[in-house]
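The same chain A turns up in both complexes below, where it pairs with chain B and then with chain C.
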Partner chain A sequence: MDADIIGFGSIFARAFVLFWPVWAALAVVMGVSFAMRRRLGLYGQVYDSWLGIVGLFLVLFWVFTALFADVIAPFDAVEGVYSGMKKAVPGTPVASDSAPYDYFLFGGDNLARDVFSRMVEGSQTVLAIAPAATIFAFMVGITLGLPAGFYGGRTDTVLTFLANLVLAFPVILLFYLLVTPGIRETPIPTAMAAVLFLIPIVFFVMFFYSRYATRPDVLYIQLACVIVLGGWLYSGLAFNLDPLGIVGMDPNTLNIFVSVVFVNSPTVFRIVRGLTLDIKTRDYVAAAQTRGERPWYIMLWEILPNARGPLIVDLCLRIGYTTILLGTLGFFGLGVSPESPDWGLSINEGRKLWRSVEHIALVPALALMSLVLGLNLLADALREQSLKD
Partner chain B sequence: MLSFILRRLGVMILTMLVLTAVVFFLSNLEPNLRKLALSDGNMRMTDAQIEQWLDNRGYNRPFVVRYADWLGGVVQGDLGFSTRFKKPVLELLGERLAATGALMFWVMITMVPLALLIGVLAGMREGTGTDRSLSVLSIGSTATPEYVSGIIFTVIFASLFGEWFGKEWALNGSAASATGSKGITFNNFALPVMTMAFYGMGYIARMTRASMAEVMTAQYIRTARLKGVSFRNIVVKHALRNALIAPFTVIMLQFPWLLTGVVIVESMFNYKGFGLALVQAAENNDIDLLMACSLASVAVVLITQLISDIGYVYLNPRIRVK
Partner chain C sequence: MTDTYDGPILEIENLSISFFTRAGEIPAVMDFSCTVQPGEAMGLVGESGCGKSTVALGVMQDLGKNGAIVGGSIKFKGRDLNDMSDEELRQIRGSEIAMIYQEPMASLNPAMKIGRQLMEVPMIHEGMSEKDAYQQALEVVTAVRLPDPERMLKSYPHQLSGGQQQRIVIAMALMSKPSLLILDEPTTALDVTVEAGIVDLVKDLGKQYGTSMLFISHNLGLVLDTCDRLCVMYSGEAVETGSIKDVFDKMRHPYTQGLFRSIPLPGADKNARPLVSIPGNFPLPHERPPGCNFGPRCSYFQEGRCDAADIPMSAIPGNDRHDSRCLRIDEIDWAAQLPRREDAGEATSGDVVIKVDGLKKYYEVAANAMFGGGETRVVKANETVSFEARESETLAIVGESGCGKSTLAKVLLGLETATDGESTLGNADIANVPIEERDRRTIADIQMVFQNPFDTLNPSHTIGSQIIRVLEKFGVGSTVAEREERMLELLDLVKLPRAFAKRKPRQLSGGQKQRIGIARAFAGTPKVVVADEPVSALDVSVQAAVTDLLMEIQRENRTTMLFISHDLSIVRYLSDRVLVMYLGHVVEMGTTDQVFAPPYHPYTEALLSAVPIADTSVEKKRIVLDGDIPSAMDPPSGCPFQTRCPRKSSVPGNLCEAEVPPMRTLAGGHQVKCHLSDEVLAEMEPVIQVHAAE
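And now, the complex of A and B:
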């Protein structure tokens, strides 16, 4: 093919076309939600502010990009190497007849791979790990923060000391020590996963037990579900021993996942503890105590639902923060294989070449920024809406 | 107050002991020691030779003995010897901390006033156009970690400026010369400072804004307004002092957070400071240097926490220490 390098106008037009499944999904989801926004609670209220819509748009854009990544990305992100495309400028035509697409829209990287495809594929790792790790951190933080705030005394002193211990640790140093190939040879990541992943199961057991202890018929079904489902996920995620072979994490990902949960939990713990200290002075908590409810019922069914507003806002912010953290890990090449299309890693690869070509680092950098920006805008809109109530 | 500070100091020392023990334990895991032996000794050593090498240098003694040994050295002011730089750690750390201190000084001097200004301007008239646009700016800045803003700023100010206005207008994309004979100049230091200041700025600005907006709804502001005090005087003389209590704590607590930024920015712009030393120590498993780095960074975190607590009590007479 003897095509010329195309200009930025047609680059963006072509990229726009390649993203068609994302636009379709966005149009459906956002259109339906907008029409039904009055009946969707807090989520629907996001559509009341422009910034909220923009934030949601950016977040959903990347969510759908990650989901449809294989359809959107024209080239293979790891193996799609084409001769003559090394450090190619954006819009360079591919001089190969077998190429699945005519152009490297956002140029080629140092190893002659398509920057556009790598950006699209890179969204998958981030969006798979960041929300899941943050939710795990929330479970851990909530399970430990509620009793610390509610009981106070020695429980509180010990747990707060432990949380402060982790918080005093410089994050980057912790990652350098915890996310290394060396540590994967030791049982430390698995041991940490075994402890941290057990906490969500404990959380759900307590959650149902505290409410339905007097109704064994309902309780047994719920507990059985929690233990079977939780045990299945637990064996798969923590020990890679899923009997069905569906759920599993390679040691690399497990290592990152556990470390991210570990550094995020203490902050969540502090927030939950503070909220609990505040809410436990309310009248409805006193009323529940007078009724003779047990402490865990009060914590999980009286305090937690009333703390959900600030927690949802923080969840949103924290997913963004975790995304930044994952980028930092990639930037230092920790816990990612050198070829993976991870954004942080690509930024680091690209920045070494900034003198000659700018786009290699700029594309993943802008991608990461827009995702975090979307999450922050969404959190801000949620905060404003929940303050209005 | 004195017993409060003493108790805090006790907790601090305990925290430092536990954390350094953790770092010591992790950096002395067997795979890490093997890596050290291979990188510092001979790359082609056999397993038996590695054992021999580690034995000769005392790396195979029991963990507790070695940690006590290290601790004894620290108490006497001896931080050990860096295997990566072939230098006493104390000397190296002094140089590196001084270099990072200079970076932090410039970051703080640009970031804090700018952030406070943005926060106050946005918070003094809540809900106006100024407020909205400044808030979006600060949200945008918190969404831009150093490794993103560093790239963007480098592309704009180092490459594009060079293309548009000629080489003399472009900033230097590397700060390596700042620790050399040339010293710190605007040209080689503007980019790292800008990059670091931008990420931290948004957070402080948002805290200031929230605190300012809250103060502006207080009763005494309304009283001042009804007395006929001008808006400018209300903001400058009445609101500002109370509104700056919360950001003060935030600024102090920014220090540990800035450490990650220091590490990123220093490796990005190749500035030979503390952050780069930490990266190099971790990558080569330079145990003594790594221990000294963690000691220094944990100390900074804990001391700033203490200062922020004491300062908070001092600034806000309503809080009394139990």
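And now, the complex of A and C:
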């Protein structure tokens, strides 16, 4: 041991240096966006308020961390075990000549792995699933919420009842059920994935068909794109049968993904239904009806674009909730392998050692908090801007 | 204590109010002066955005966080309101100055009973006991002529109709016996016949209590009915002020003149005395021109003079406190008559295009939609409506809210199907064919212009793409380029620049949006256009231009127009035939001349008398109807109008309550649904009489 434990000043200085790809990317993206903010619509308006900038900064920070995780993390998050580093305090030097880096900046965990590297790598799981799952939940919620609000009557009653049913079911119990091995071996998760992932394809087919049915030349190209691209993703994601072998999801992740979509879509459904009920009374909807537009055109092209403000805000908030939800799932050890650097899982691991060392739980907890805080601030800024119009 | 004061109640001198936003200071009111004497009613007239409500809020010292008085003084009974502390202001607000807002429902607390809300006023301001306060509440509710005052005090606001709510708001304002009453568009949200009742009430109360009033309105006719003096505002400035008689008969500002020329008066005729709109648009507060604000839109504008410096108010000699903000008062020939328009040629109506026979539309309203329990009630929205309209003819459908005119439009357009009866467009049956089952030609043949300009265009799409979509739907043009060309032609047709194709609706003014709505309706060369109050939401100076455009396109295309409106002045101006509806029934139908001259249906008579007319030479018979329009859910027995009919006593027995009167055909095909005998009908006098100018 030729080095001493370093102080917090140098820990943060070293961490700052390790994050260099993130700073570079942030500087480029935020600098360019700020300069062009007047031409960037709603996204550009985020730069008009300090809260928006802070929120966006936090969110982008984690996005780029996830992207460059392999460059930033000095140690392997799962395999990087070094003797003597078990429960090491932050800034402990690594006593090994083959170590890729001199210190465990944020200390070591119970299995002598680098907490800093695990935090950085852990961002990947969250950011891979949370936004994608939320967007899928939105597609499902929109595709079902629009007809429920627009047609009303029996369609509405049945769909709202189903949504209430899902909402009324205790979420954690639902997750336990969905990810227990007993259920996992049945075809239920795959069947649910098959249905849920089909909805976005239906959504886009309806989206283009309703608008361009009068112009077949454009329509055929669009439909071909949707079906080829959608079909490819669909076969890969839902059945793990991608002919090219590029897209795929391991059964664990698929389970989490499906359950997150499943529990989030009823809430989105209710928001969309409410917005539709309001917007369908507008004169421009009546004008579309009096020129003989089909219902799906009205829903997707007349109503949906005008509901986008509240929906974008909700999307941001909901990615935050989903992030917390994923943390909760990880905390309960649901759907993730026990080795993975998932934040929720790490928090649970650290919780057991809280009395002796705090940093093992604290680091991933702070990471989770800052990401959700960033998303909430961003949502607030977007809400304020969209209200101004 | 303040009774010893006998000067003017309100003196506003050179008032300037600005709002401070991130974009900088936005002046909302500039150099505004006016004086209200005790017992006087002052009208404040102007188009939306001219600053009239800001003046009222300034008097209340309630400009919010962003607003501030940047110059001038507001003296209430000689004391400057600007210098008062919050505590002093709280004493004055609600007790000495009371305000009545446009939306009655928004001014009442929905969670409190009416009586509590009224009693609160003297209990807070004068520390009155609950018992005395109740007594006083009972008195004012009686004074605002509400039936059954004790029951009223026990009800919640939502249990009352709009007219009753507004009366309660007035009662609340009177509870503290204020010296000044500010009324901000108090009747705009109400129907004409209900409005007439409120206006009558306000006038009488002014006399009875000696209250001074500041009456804010965009309707010149209403101001003529209620006020002693008025002040015309334009773009933040008072442009002309004086007594009603001076300003109405001897106006000395081009804007005032323009306003009067753009509203249809009884003498207006689409050919002989056409409406003249004020060209251009209202300037935005931060884009006001130098010099005279009205300069760019004024036909008397002189370069180098009108735009040189700010223009002060100058007195007009010989008149009582009559001022105008114009440099050329003495140079303009104010009496000059407008040039007569080239006779556009009386449009001859052709064959019958649309025919409606015995149309009925009932809605079933279940008491509980989810579980279906309880009895279902039937709303009779349309009851045996029959009419026909010919090519190139304008048929006006007149009635107040809830009379079924919009339901009729929905049935014709196929958004609803009729319960019973027939309706044909050309040869095609349309009464029972919903829009999904109509073929493309039928859909394109009957189109609609909507009422609310801010709602008629989808805010998410560009103007051009919205019109092109209509063309695609109607199969106009076969290539994208052809439709593009046709879309630009349509923009030319409605006199908008072609560059608008790329704009989003929010970049357009209300009038411009309405023009796009018209372009859209005429895109598929329809045979029939249903115009649902197309101009009622627009400012007066824009209304005339849009009305003219609509009529011009109609004349050129020989389109049949069904013009739905509650505004009888405009109906008289542009329609060939008129159909008056009340509670789903057609009560009178005939040519415009027949309907606007005796014999009338009693409802038409009341409606005619209720419409405010901005002309001092017009004398109206005053008929104020009692109560409100009954609910269509629970219509009265017999004649639908019998609950409010002032002539019910002329019919022997209880015939009116027992039987729905038959449609009677009088001379010249004039139809009236009434039990009144021929003698009574023959004795009717005209409601509106125009005296020759002095």
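Throughout what follows, the second predicted complex is superposed on the first by the 388 of 389 C-alpha atoms of A that agree within 3 Å, B and C clash if a C-alpha of one lies under 4 Å from a C-alpha of the other, contacts with A are read in each partner's own complex, and residues count from 1 in each chain.
By definition in this document, a contact is a pair of C-beta atoms (placed from the backbone, for glycine too) under 8 Å apart; a residue touches a chain by one contact, two chains touch by 3 or more.
These figures come from a predicted structure and were not determined experimentally.
With both structures placed on the common chain, the touch criterion links A:I324 to chain B but leaves chain C unconnected. Of the two partner chains, chain C is the only one touched by A:R215; chain B is not.
In the superposition on chain A, no contact is made by A:G7 with either chain B or chain C. By the touch criterion defined above, A:G344 lies against chain B but remains apart from chain C after alignment on the C-alpha atoms of chain A. By the touch criterion stated above, A:L177 is placed in contact with chain B alone, chain C being left untouched. For chain A, the partner that touches more of its residues is B, with chain B and chain C as the two candidates. By the touch criterion defined above, A:L51 reaches chain B but does not reach chain C.
Of the two partner chains placed by the overlay, neither chain B nor chain C lies in contact with A:G31.
Legend: residue contacts after superposition of the two complexes on their common chain; A:T290 is shown touching chain C, with no touch to chain B. Looking at the complex, you find that chain B touches chain A at residues 11, 15, 18-19, 22-23, 26-27, 29-32, 34-35, 135-136, 139-140, 142-145, 147-148, 150-152, 154-155, 158-159, 173, 256, 259-260, 263-264, 267-268, 278-279, 282-283, 293-294, 297-298, 301-302, 305.
Residues of chain A that touch chain C in their complex: 157, 214-215, 282-284, 286-294, 301-302, 305-306, 308, 389.
Listing the residues of chain A that touch chain B in their complex gives 51, 161, 164-165, 168-173, 176-178, 180-183, 185-186, 188, 320, 324, 327-328, 331-332, 344, 347-348, 350-351, 354-355, 358, 361-362, 365-366, 368-369, 372-373, 375-377, 380. Remark: chain C residues 370, 413-415, 435-436, 438, 440, 443-444, 447-448, 450-452, 455-461, 470, 472-474, 480, 506, 517, 520, 524 touch chain A in the complex.
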